[in-house]
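So that we are looking at the same thing, I have put the structure below in structure tokens.
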Amino acid sequence: MSETRVDGRSNDQLRPITIERGWSAQAEGSALISFGGTKVLCTASFTNGVPRWMAGKGKGWVTAEYSMLPRSTNERMQRESIKGKVGGRTHEISRLIGRSLRAAVDMKALGENTIVIDCDVLQADGGTRTAAITGAFVALVDAIEWGREKKFIGQKAQAIVDSIQAVSVGIIDGTPMLDLAYTEDVRAETDMNVVMTGRGLFIEVQGTAEGAPFDREELNALLELGTVGNAELARIQAEVLEQ
Amino acid sequence: MSETRVDGRSNDQLRPITIERGWSAQAEGSALISFGGTKVLCTASFTNGVPRWMAGKGKGWVTAEYSMLPRSTNERMQRESIKGKVGGRTHEISRLIGRSLRAAVDMKALGENTIVIDCDVLQADGGTRTAAITGAFVALVDAIEWGREKKFIGQKAQAIVDSIQAVSVGIIDGTPMLDLAYTEDVRAETDMNVVMTGRGLFIEVQGTAEGAPFDREELNALLELGTVGNAELARIQAEVLEQ
Amino acid sequence: MSETRVDGRSNDQLRPITIERGWSAQAEGSALISFGGTKVLCTASFTNGVPRWMAGKGKGWVTAEYSMLPRSTNERMQRESIKGKVGGRTHEISRLIGRSLRAAVDMKALGENTIVIDCDVLQADGGTRTAAITGAFVALVDAIEWGREKKFIGQKAQAIVDSIQAVSVGIIDGTPMLDLAYTEDVRAETDMNVVMTGRGLFIEVQGTAEGAPFDREELNALLELGTVGNAELARIQAEVLEQ
Amino acid sequence: MSETRVDGRSNDQLRPITIERGWSAQAEGSALISFGGTKVLCTASFTNGVPRWMAGKGKGWVTAEYSMLPRSTNERMQRESIKGKVGGRTHEISRLIGRSLRAAVDMKALGENTIVIDCDVLQADGGTRTAAITGAFVALVDAIEWGREKKFIGQKAQAIVDSIQAVSVGIIDGTPMLDLAYTEDVRAETDMNVVMTGRGLFIEVQGTAEGAPFDREELNALLELGTVGNAELARIQAEVLEQ
Amino acid sequence: MSETRVDGRSNDQLRPITIERGWSAQAEGSALISFGGTKVLCTASFTNGVPRWMAGKGKGWVTAEYSMLPRSTNERMQRESIKGKVGGRTHEISRLIGRSLRAAVDMKALGENTIVIDCDVLQADGGTRTAAITGAFVALVDAIEWGREKKFIGQKAQAIVDSIQAVSVGIIDGTPMLDLAYTEDVRAETDMNVVMTGRGLFIEVQGTAEGAPFDREELNALLELGTVGNAELARIQAEVLEQ
Amino acid sequence: MSETRVDGRSNDQLRPITIERGWSAQAEGSALISFGGTKVLCTASFTNGVPRWMAGKGKGWVTAEYSMLPRSTNERMQRESIKGKVGGRTHEISRLIGRSLRAAVDMKALGENTIVIDCDVLQADGGTRTAAITGAFVALVDAIEWGREKKFIGQKAQAIVDSIQAVSVGIIDGTPMLDLAYTEDVRAETDMNVVMTGRGLFIEVQGTAEGAPFDREELNALLELGTVGNAELARIQAEVLEQ
């Protein structure tokens, strides 16, 4: 893994990560996260109460929506609102983010409260879903803290059970690499998104052979790399949340 | 007009205006504009060619789309992509921005090129449509410059005929005020959006009695105030574009 | 303003206006209004009660929907029901009509009742939105009278606070003209819709530079002309309502 | 069949029928038809050429769209454009009208031209689909005549092969009746729409047991009645078309 | 009627009919029915309770939905879910099936229960709607039996008042024929669907002139043939239900 | 892995698998596959030519659509065609099936031909997506063979590069199990779908922590089990295809 990448990174190195916690003056929690050129605005909206079909069970709900601004990409895409429908990729990523964040939360401790996470990609350069998950966790923590301050959540409730991070990994020209930028992603034979907890357990593993099928050894190498990257992301999140 | 407003401004004073020109690394032109707490990301996408129904006339086309992030507002709004349709207000504002910007452009000089302006409200605190128009003009200028550099537009063509600005004005408790923040907008009896050119001519005047109907004198006072505000915005735009 | 127009009118003259009050045997109030070749069927539907989100405030609600028959125009348009979505122009005009009519009504006096105004353009020859507003007011008055007779509205309640009229004005070849027919509208440099009350106050002013921007003097001339036209429309409405 | 109906008609008598031929100043053919309180505006839009999938076969195309104004009925219905979809009943009737009118036309003689018939119900009091078909035929004839005058159709081509009429029949309290008004339609045990040609042949027969199933004898009685009613409608159409 | 058809049947003969009762392990009632190459999976879903607008009247509700798998036909059709709307033909057939089955049921005896019948065409070779109705009746009977066993329906209630069958008939080259296969249907001048009860009464008669209009004598011949075919279908249903 | 499951299987045992190759008389390739109570009808539609945006590259295209019949499940689901939109889960699975099958195909060898695979779930009892992929491969092979016979594909072209299978695995009460039935799936802490080639390479790995996060060791156990199951499925496919 000594080969140098287009932006000078080593193969097991993340792009520069920045997290502007509390970017939004409106949302109960928010973070503007960058993974290199990828910028995602994550907001967490806290509502006291749950959808009717969940009421009376003493449990909360966390859900997420992902979207890209039409000119977040190199070529302008048509808005899904104009098309009148949400595309498959958008749906898939929204569901992934929601599932991932729910793994961070003890729904009993959250109580009958709902948190909606919006992840809007302002600029896209690969890894938008993993940046979204990583930033959304920060917004989520702050929204839960807001709920505690407002007394919607019990003062001693430990609603957050672990931190959540995500990173993409892939195999390019036979070499496993961490945190692919857009130009790398396009060239990858295999592409994998790894969502993990701060304690190093897996929440979601999604590996896809884009070019050639992959064998068990390659799969193992990708999982190693994802573990390394997520550990670093967990460290950065913790730092931001300590401020 | 000596009364002081909630944020300490005088009645004929704009909120702090900032314009981050070239915010986006992807778009041909872009600006992140703030009118106080209102923040709008404006991108201009340049495409060589025009829609088929316009082809062969030697003229260009400029259009715009406006949208609000779901949590740009104090309470989260449902996404229009999820609803499956674009609301009346969104349509109305998109059309207003498009009409206003077309007034800035000599379509013959633009040649058979299309520019799509996206105005996405990241944070809303009143005056989102006027901020959008004012920021979009900056993005438009840069996209046209990009087209000239790429030789899609003639080197001597004067595609921009004048600058375009917009500001809201309103009457609150009988007093005309400039550039209403959200809490002011809600209280206004009359609300007016004034779109003007840098030379001080009108492009669009939209005045609405929200509470009581207004007389000719009040209308005149609002037009004066709009003229003052737009002159100041034109100055700021010019400053930003000179850099 | 001595120049003669294509149909022989002077510049400050309305087209022939007719209002068939009570055209519909089904609606609580109705009017078939013509502004020259423009014919709009306005019906007002009265419902006792208000939408749930308004209940318990002792106030009523008035809203409007505008639509054009597919062959009301010179070339057949596709139906919005077939397209599966309502276009921006339709939305915009529906909202304008609703806002304008609400300015005629004291919602407290109306009580918890809802009136929906439908304005369906049977034939279009310019000024459909202004004809719609003017005709809708007549339908509204009759629907409110119906509500009073049925005892849904208090017998002494003055639900109507003023009459509402609307007319278009525009500048053609530098000359301001009243109540533009379609062929005039297409040629207008500036186009303005003026909604006023019977007492001569403004409800809505929407002026747009279609060709060249307009100056303050032109704006003033248009406002004068709109005032003249609306006064005449108010007289015709009053005549029809006295029968 | 000696029993008297609510409006004094005998059981084999049509309601008063009126046809205002050429009602629309815009359409190539039009008719405002009344069957008693039912009023339908039928317009025929002629276009030279056919949809791409039909081109080059030397044949024309006739299609129809049916719609009801929201307050054509006693209770206001939601617009299908607002719902975002066309309902089953609307689809079904549009298809019936189109099929019926195509039976009147020799597509070879029509040549590569398209006629779209719009039937918009302005007021509904039973039998809207049968009134629509009967009125649409008049509009169709005039649109074809227009096409001949404009030389889009051969001067000697006999594009119309026969006239088309339609009427509803039903069984109420065991008695077969012709041309049901809304209050009768609601009470009918069996309801049938009969579309015929001027020569007395059947185009479409749609009989439905709303209450009790019907036997062959009742079916025969309804067919007789439909034949009587359609013959009278054919006479009225011919009269209107001779003027 | 001695002429032989493409598959060797006589003109008054049905195709081979098979009914697999209870095909689905999930639904309360189900049948996989074949009319020759046409295969329709009919499931009946029983729900205790009725839609809110029907509640408190002591009556049940039966409704149906028809759909074709995209490759049930010779050329693949686009899915209606992908198009985002249900087509006119689908709507029309769903409504026909629902109306037909409701004629089999005493809604008072059904009590406040809802049965939704789904008819999904797995393979289409003409007569899909008539096969659907015939198979759906079997599924309906079993769903009602299920409701009785679960005590949602009174033990002595006779919810089924008669059996329901349907068959298509048509005139091909001047000859009336029973139960048209797809290749026959395409060639038919007149096409009729006849829905009847086991006792031989009519529920629905829908005859359409696809080619030439038809006279009364032809109509009579088709009704005879439909009566013959439905009697045979009733016999087969009874046999299947006795097992 | 000696513990016995609800249906008596061992933890590394598949449910009974059946594949009815050529079920459909209409499609170019088809298979009705069962994984226990899960039944999926897979059809492959072959079209000569590719979408316009792919033309001229000498390559083919394979895509897939997944859908569930409304009563394939224990409780009836609303149809997506009625809702007017395709849900996120449906989109996600359609995309997965398409990606998986494309991995089986050499697009150059396929030439400019398009194959659309439809996977319609007739009955659902867990593992519908994995059954769909496994059955779809059989349909795909036959559609390609059809294309070869029709000379749309070169006679020597090896369009199929490997077989494709898929199976679900999961951890229940801490024990890894193969091919989960619905009642098992609901209880699983971790759920994984493994798509592989006949040669034992990975195409897609999607593991999700539904309950508790999983560690690397558990992930390894699941991958082993998936490999075992897919090898068995490959054997069954081969057997079916040899007939």
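Each chain gets a letter, A, B, C, D, E and F, in the order it is written, and its residues are counted from 1.
Assume a contact is a pair of C-beta atoms (placed from the backbone, for glycine too) under 8 Å apart; a residue touches a chain by one contact, two chains touch by 3 or more.
All values derive from a computational prediction rather than experimental measurement.
The chains that touch chain C as well as chain F do not exist here; no chain meets both. Leaving out chain A only, with every other chain where it is, the touch network remains one piece. Note on connectivity: the fewest steps through touching chains from chain A to chain C is 2. Counting the residue numbers used at the interface between chain C and chain D, over half appear in both copies, so the two copies meet with largely the same residues. With centres defined as mean CA coordinates, chain D is found 59 Å away from chain A.
Chain B has its Cα centroid 33 Å from the Cα centroid of chain A.
Centre-to-centre spacing of chain A and chain F amounts to 28 Å, using the average Cα coordinate of each chain.
Under the contact definition stated at the top, the residues of chain D that touch 2 or more other chains are 84-86. In terms of inter-chain touching, the protein chains here make up one closed cycle, each touching precisely two others. Following neighbours round the ring, chain D first and chain E right after, the list reads D, E, F, A, B, C. Looking at the complex, you find that chain F touches chain E at residues 24-27, 30, 37, 41, 43, 45, 47, 65, 67, 69-74, 76, 79-86, 90, 116, 118, 120, 122-125. For chain B in complex with chain C, the touching residues are 85-89, 91-92, 94-95, 99, 103, 162, 192, 196-197, 199, 201-209, 213-216, 219, 223.
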